[in-house]
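Reviewing the structure listed below.
Going by the order they are written in, the chains are A, B, C and D; count residues from 1 in each one.
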Amino acid sequence: MPTENPRILVFAGSMAYLGADNAGLLHKEYPSNSFVVKVPCTTMLRPGLILYALRHGFDGVFVASSGPDCPYLPDCVERTAKRVESAYDLLKKNGIEPERIQLAGICSVCSDAFANNVKQLHSRLKKLEPMRRDGLLVSQ
Amino acid sequence: MAEYGVAGKTLKVDLDVRNLLMDYGASGAALCFNCGNCTAVCPLSENGAPFPRSMVRFVQLGSRQDILHSPEPWLCYFCNECSATCPRDAKPGNTMAAARKYQIRSATIGPVADMLVTKKWGIALLLAVTSLFYFAGLYYVGALKLPTQLLFQAFVPEEVMHIAGMVAGIFAVAVMGIAILRVLYWISRGRQSRYITISKKISAAIRSLPLVITEVVAQRRMSKCETGRPRWIGHMMTMWGFIGLFVTSGLIYMINPNLTNYPYSFTNPIQILANVSAAVLITGMCLILLDRRNHRATTQDHDYFDWVFFYTIFAAGITGLVVEAFRFSGLLMPTFIAYSIHIINVLFLIAFAPFSKFAHVGIRPFVIWYSKYAGLV
Amino acid sequence: MPERIGVYVCWCGGNIADVVNVKEVAKHAAGVPEVVVAKDIMFACSDEGQKTMVDDIKNLKLDGIVVASCSPVLHEQTFRRVAERAGLNKYLYVQVNIREQDSWVHAHDKKGATEKAEELVGMGIEKLARATPLNPIKVELTSKVLVVGGGVSGLTTALELAREGIHVTLVDRDRYLGGFVRRLPDVNPVHRPGKDVIADLYSRVVSTGNVEILSGTDLLEVSGSIGHFRARFKERSGHIRHDADRELLSRAERECPVEVDNEENFGFTRRKAIVLPDDRVPETPYIDMEHCIKCGVCQRLFGEGVSFDASDIEFEEEFSMVVQSTGFQPYLPGRGEFGYGETRRVLTLPEFLRLADTSGKTLVFNGRQVRDVAFVYCVGSRQTETGGPNTYCSRYCCTSTLNTDSYIKKKFGSSINSFHFYRDIRAYGLYETMYERASREKGLFIRYDPASPPSVTAEGERVKLVTKDSLTAGRDIEVSADLVVLVTGMMPSEDGKKLSAALKVSSSKDGFVQELHPKLRPVETTVGGVLVGGTAQGPKDTHESMISGAAAAAKASTLLMKGYTELEPYVVTVSEQKCNGCTQCVTECPAGAISMVEMEGRQVASVNVAMCKGCGACAAICEPEALQLIGYTYPQLRAMVSFSPQPLGAQSK
Amino acid sequence: MSVNEYDVLVIGGGIAGMEAATALGDMGFSVVLVEKEPSIGGIMISLSKVFPTTDCASCISSPKVSTVAHHQNIKLLTYSEVLDVRKENGEFKARVKQKARFVHPEDCTGCLKCEQACPVMVPHEFNQGFVGRKAAYVPFDTAYPRSAVIDLNNCIFCGACERVCPTNAIDFLQKDEEEELSAKAVLITTGGKLFPMERKKEFGYKKISNVINGLQMERLLAPTRPFNTVLRPSDGKVPGKIGYVLCAGSRDASLGNPYCSRICCMYSIKQAILLMGALPLVDVTIHYMDIRAFGKGYEEFYRQAVDMGVQFVRGRVADLNELENGDVLMKSENTDTGKIVEEKYDLVVLAAGILPETHNRTATEALGYATDSIGFIKPRADTIGATEVSEGVFAAGLGTGPKDIVDTIAEADAAASSCASYMKENFGKERAEKILRELM
């Protein structure tokens, strides 16, 4: 049984947030069941936070890092990737499909990339079984 | 592009040619930034023949070949809409005129043409030569003496008139004929034409004739110039007045080769035709003069080449009338002097026609005909 | 933590309201217990809208506001000021983006967009409900500015600041000031030699008495943040007294046996190992120790005034602000690019200008008189078609070339012919008259297609250029010239890149310094206290560089005249109780802002707030969650994430 | 200190005036800003979006408006005109006329009731005449001050507005008032205007209904636009094919303006990109001579337009003619092929050039600055990089030459800086003494 209208949480670094804004300026449509939470830099994400989101009603998490344009860290991509890797491990431990996490670098004018990533994740999540949220090990 | 200049050849920039053309009056071409306004605004531009910008461009590049091989200069009537709206004040109309001069100069005898194109003392020299020729003729037949009666034949014996006219005429026709042939040859070696077979060639040649006739008779193309209405009327009157005078001269020559009873009385039909023609000619020229004055500030640039032609015709007409007037008043000496000036003027006009702006009378109809025939317009 | 929250949902004309049912959203928000008032508003940012909020905050005693409108990028500052005007802490305000990230991207899903707006507003309320009043970090600013780069832009910045009474240190690696402009023989639009323009600026700068000029000085290191930038300099010794007697100097120059290519003129002239200023500023001579053979000729003239082993001086100073006016470097064509390096008769524009300036009454290259000069535009710029790295337009080159054309015709007479192989003539604004002038002076313009750029081949003592000219319907046009001048574009300078890296200033895609807002804040950078002037920010001509330099001065003085600045308080805090002293954060921090300190007998982490950039990298790896990024604390993020219209076993507040 | 004494008089409240006034105010100088229109904001606030970032122009300029409006060091005089200004003893004395609004702005709440009640309808200037406004009206949504004004030229004195005004703010007896003020320096930011396209008769502007200018298209595209979509004026049809005429009224000796207007290429490209976004099926063709995408990020923006399918045809447009169905026939030469192009468009936009705003220039003539043949204020002879146009007088923005917003901002800041330097050098000591006296 596929997931009907999967809910997506987007953690956007400051440049990626501008990219999402840019998608808006150019009216690039994507599924409305997606919510952007702005963070200065995606390096600040604790792996547990991703699991926490899945536990609390989201079907997938898109980590939109600022990529090489990140004003905070030149190696933002590598560091964020490390965080996401740990998140994968956490998901595995809890028997959750790793496909529920998407990672991409989004620049401040990457409007297409932003919209496409959301759309991609949305259609991938649709194919998955609905999230089983009970009994998840919520680590911080 | 096949339609654009000489096909398939690398164009070598030649600044000497450019500079020469700029001396010929195309100095504005330097200012052109090739926006194409002139081409688009030109009421005569037709799709196959993008002018005037293409000509301006060829002048900028100093492409002798392209300028010589283009019919465009002869398709332009100098109506100056291009110059009036040119955003750079590059006066494309003047460039077209310069290109015509360049073709005339190239197709005739260069140094002689220069006398009438750029060398401002040239006309004095040529007039002197003509006068010399005239007086030498009179001297030769022993007629170089003061007149005693008010009879033209008494001033200038018929054989002098015959010989001088013949010499000047033959010279002019020969030079003009060669020039026309050369221009047509160049144009034929320029852009690729559309005819294929001999039979098509012949029928195309015939089918192209009506256009030429309407062009010559009514100057249809010139009338397309929106701003040029007074100019068109002036030009028409000048042309028909001139033709009228030319025909009268021819008629007199044919009907009355010995010039008996010449000049005719004022009621003689031939004389009437002559006088009417002269009046039309002068009126037409006055109209042109007026039009030029009106447009002086805005667009039209008329240079030495242009004024020489204008004033020699004007002078021919005026002196003709003055002769009539003096004759009517019975003034002997003034009539004689005016008549001499008139004859010299006419001789000059005929002899140097192919080198002056007069050449357009010969070249333009042929180029229009050829362009139509070869499918260039 | 706010308990009386006001929520304002903006129509943004129809931008939001056409898609999102703003009244519904406001109604929905009104249902949240902490929300005291929820309104929809036509233009929240308008004065009218702001007034509504101010009145509500005062009348209803609100202790926090949420504005759902456009992106916070646009109006965060605006609404913060609103809060401030109403006497509310400006950080007890949250902006929710329901335009760029909602109404504009879900125009065909009005129901979904409305629900999304409701949820986003809910998340905003959650975030606000866990926010604490904050105060910006106040940094005292001493009136001391470091200007890096002594070109026209840097000199202008220094001049303006000094006139305003601010102390400036101007540093340039070069021994002589003026950068690129110094070498221009004719500066547009004043048509004076660049040296004169620089000398004027210099004398005005000196006359203020407020500028310390460090020319011939390397900037070894720079670090710190607004209010506290530390720079370490190395002043290179000139090995000869600054005030050496002029006549003696000329004699020394004549007698100096070493002769080398003069780099000032790209080797078109020669110089001695003892170098005289020659109208350059500051008017100090120096001995080029790299080539000096220590023969002692000059030593005999100056005695003690010359010392071959004088050492460089290193010193350190502190500044409150830094202006980066590091300029540009001209693009250097690769070997074979338009014949460069293969044919001697192909020069770049900067080289050609020196050739023209150092030539006498006739333009001579390699012993032959030059009559025909061909300029090839857009070399190293607009390289999209050719696959080169520089896709941008270098802005100054068209007008500079047109000016050069007029200059050489003025200097060498109109017998010089010029050919311009261009793509678009960008003689923008009033500079169009220069294009007209170059045309009037019979410059020939040939428009080439970037897909088939002009080929340049040597032909005996001349050079042949062939290209398809789009103005002649794509015909091949051939030009024979004596010299080919490649009109090279601007590249960000290496020094500039190093400085940006040291100060952590972001660069834009083209490699130049990224301005804070490309439209409204052209001379501020992403790092507080660091301003940018002139071509370090992007290509400009002389006039524009000076304007930019003066603008940078304006931005510096708005802060310095006040004497302090305020920084965003979004930095990391440490809970000493939770800290387990693992020191992982110290290594993780990219800004070096964390150190371990002793507290109650154990080692705990401590954050230097002025250095913390607020990236939160440290917080993410802190096992006991002792580190929290203010404004984005994990409790806040968790509350936002778990806010849900259908709570799934989790607490909603 | 008397209320009428200021450090700097800024004339013109467009983006340049606002930027310079803010900078000077932030430095601690007292500034008086005089704007002739009922609201500050200038041209920029009416634009759609800005290139190359496609930020909404009114969104990024309204915070600036707000900053100026609430700045403690800035005194704002809107709907006011400088009548004359002259130099006396090193300071400037100006007479300023406060034009009667017939509304007391301090009482007006901007509720729009008067506007609704007013029966008169005249073309709305802010919306380039596409829609109407009343004789009693608030100039535009984001206007500051957000106060109504009554346009007496069109008012029929029916009194309807007066009756409905809830705060009795309307006062038909209000008169123009004059005040004297003094300043130590003057900054001229009087801006520019579009070239009057009627002067190019071949383009038929104002005769052919579907030929509009660039500023009109800005309004059709702006977030606060009148129709909520792009419609052509003649019949309200959504245009499927739009043609742009660049260098309309610029680079044209035959019209007496030899200059390039510097922004038309870019604003046309921007509008083309916005049109492609707003009308997915639209074809946009830009007829140009040189694409002058010279600023930072501009070339890339131009490339973006090319990639999006905007057509670029080189050749100056020579002639526009109206067809029976309202379409416009455009004639030009495509100079790349040498062919004459006759193209039909649903709508033609003239990318009209920029001229300096010379309204009431005589008022500032006594300041002794020089202007060029078409009225742009010239720098002092032999100066480069300077914004001072005569001693103590500074200028920035479109008044000194066509330029885009970013260059205007830089120039305004530079002018503010030079102005501040001038103040410090000439009045620094006196200022200090004065403050000292006041303290004692």
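The rule is short, and it goes like this: contacts are C-beta pairs under 8 Å (C-beta built on N, C-alpha and C of every residue); 3 or more make two chains touch, one makes a residue touch a chain.
Fair warning: this is a prediction, and the values are worked out from it, not measured in the lab.
When every chain is reduced to the mean of its C-alpha atoms, the one closest to the centre of the whole protein set is D. Distance from the chain A centre to the chain B centre is 83 Å, each centre being the mean of its Cα atoms. Between the CA-based centres of chain B and chain C the separation comes to 66 Å, rounded to the whole angstrom. In terms of their C-alpha centroids, the spacing between chain A and chain D amounts to 43 Å. Here the CA centre of chain B is 55 Å from the CA centre of chain D. Contact of a single residue of chain A with at least two other chains is seen at positions 25, 27. Counting partner chains per residue, chain B has residues 1, 3-4, 33-34, 54, 88 touching two or more of them.
Chain D has residues 55, 251, 314, 335, 337-338 in contact with two or more other chains. Taken as a contact graph, with one node per protein chain and an edge wherever two chains touch, the assembly fits none of the named shapes, being neither a line, a ring, a star nor a complete graph. Chain pairs that touch one another: A-C, A-D, B-C, B-D, C-D.
Within the complex formed with chain C, the residues of chain B that make contact are 1, 3-5, 9-13, 15, 18, 22, 30-34, 54, 57, 60-61, 88.
The residues of chain C lying in touch with chain D in their complex are 12-15, 18, 42-43, 45-48, 50, 70, 74-75, 77-78, 81, 85, 152, 156, 159-160, 163-165, 187, 189-190, 192, 197, 382, 384, 391-393, 395, 398, 424-433, 436, 470-474, 508-510, 512, 515, 517-523, 537-539, 542-551, 553-555, 557-558, 561-562. Remark: chain D residues 49, 54-55, 277 touch chain A in the complex. On the side of chain A, the complex with chain C involves touching residues 9, 17-18, 20-25, 27-41, 43-46, 49, 52-53, 55-58, 69, 71-75, 79, 83, 115, 133-134, 140. Chain contact summary for the complex, chain D toward chain B: residues 202, 247, 251-255, 289, 314-319, 331-335, 337-341.
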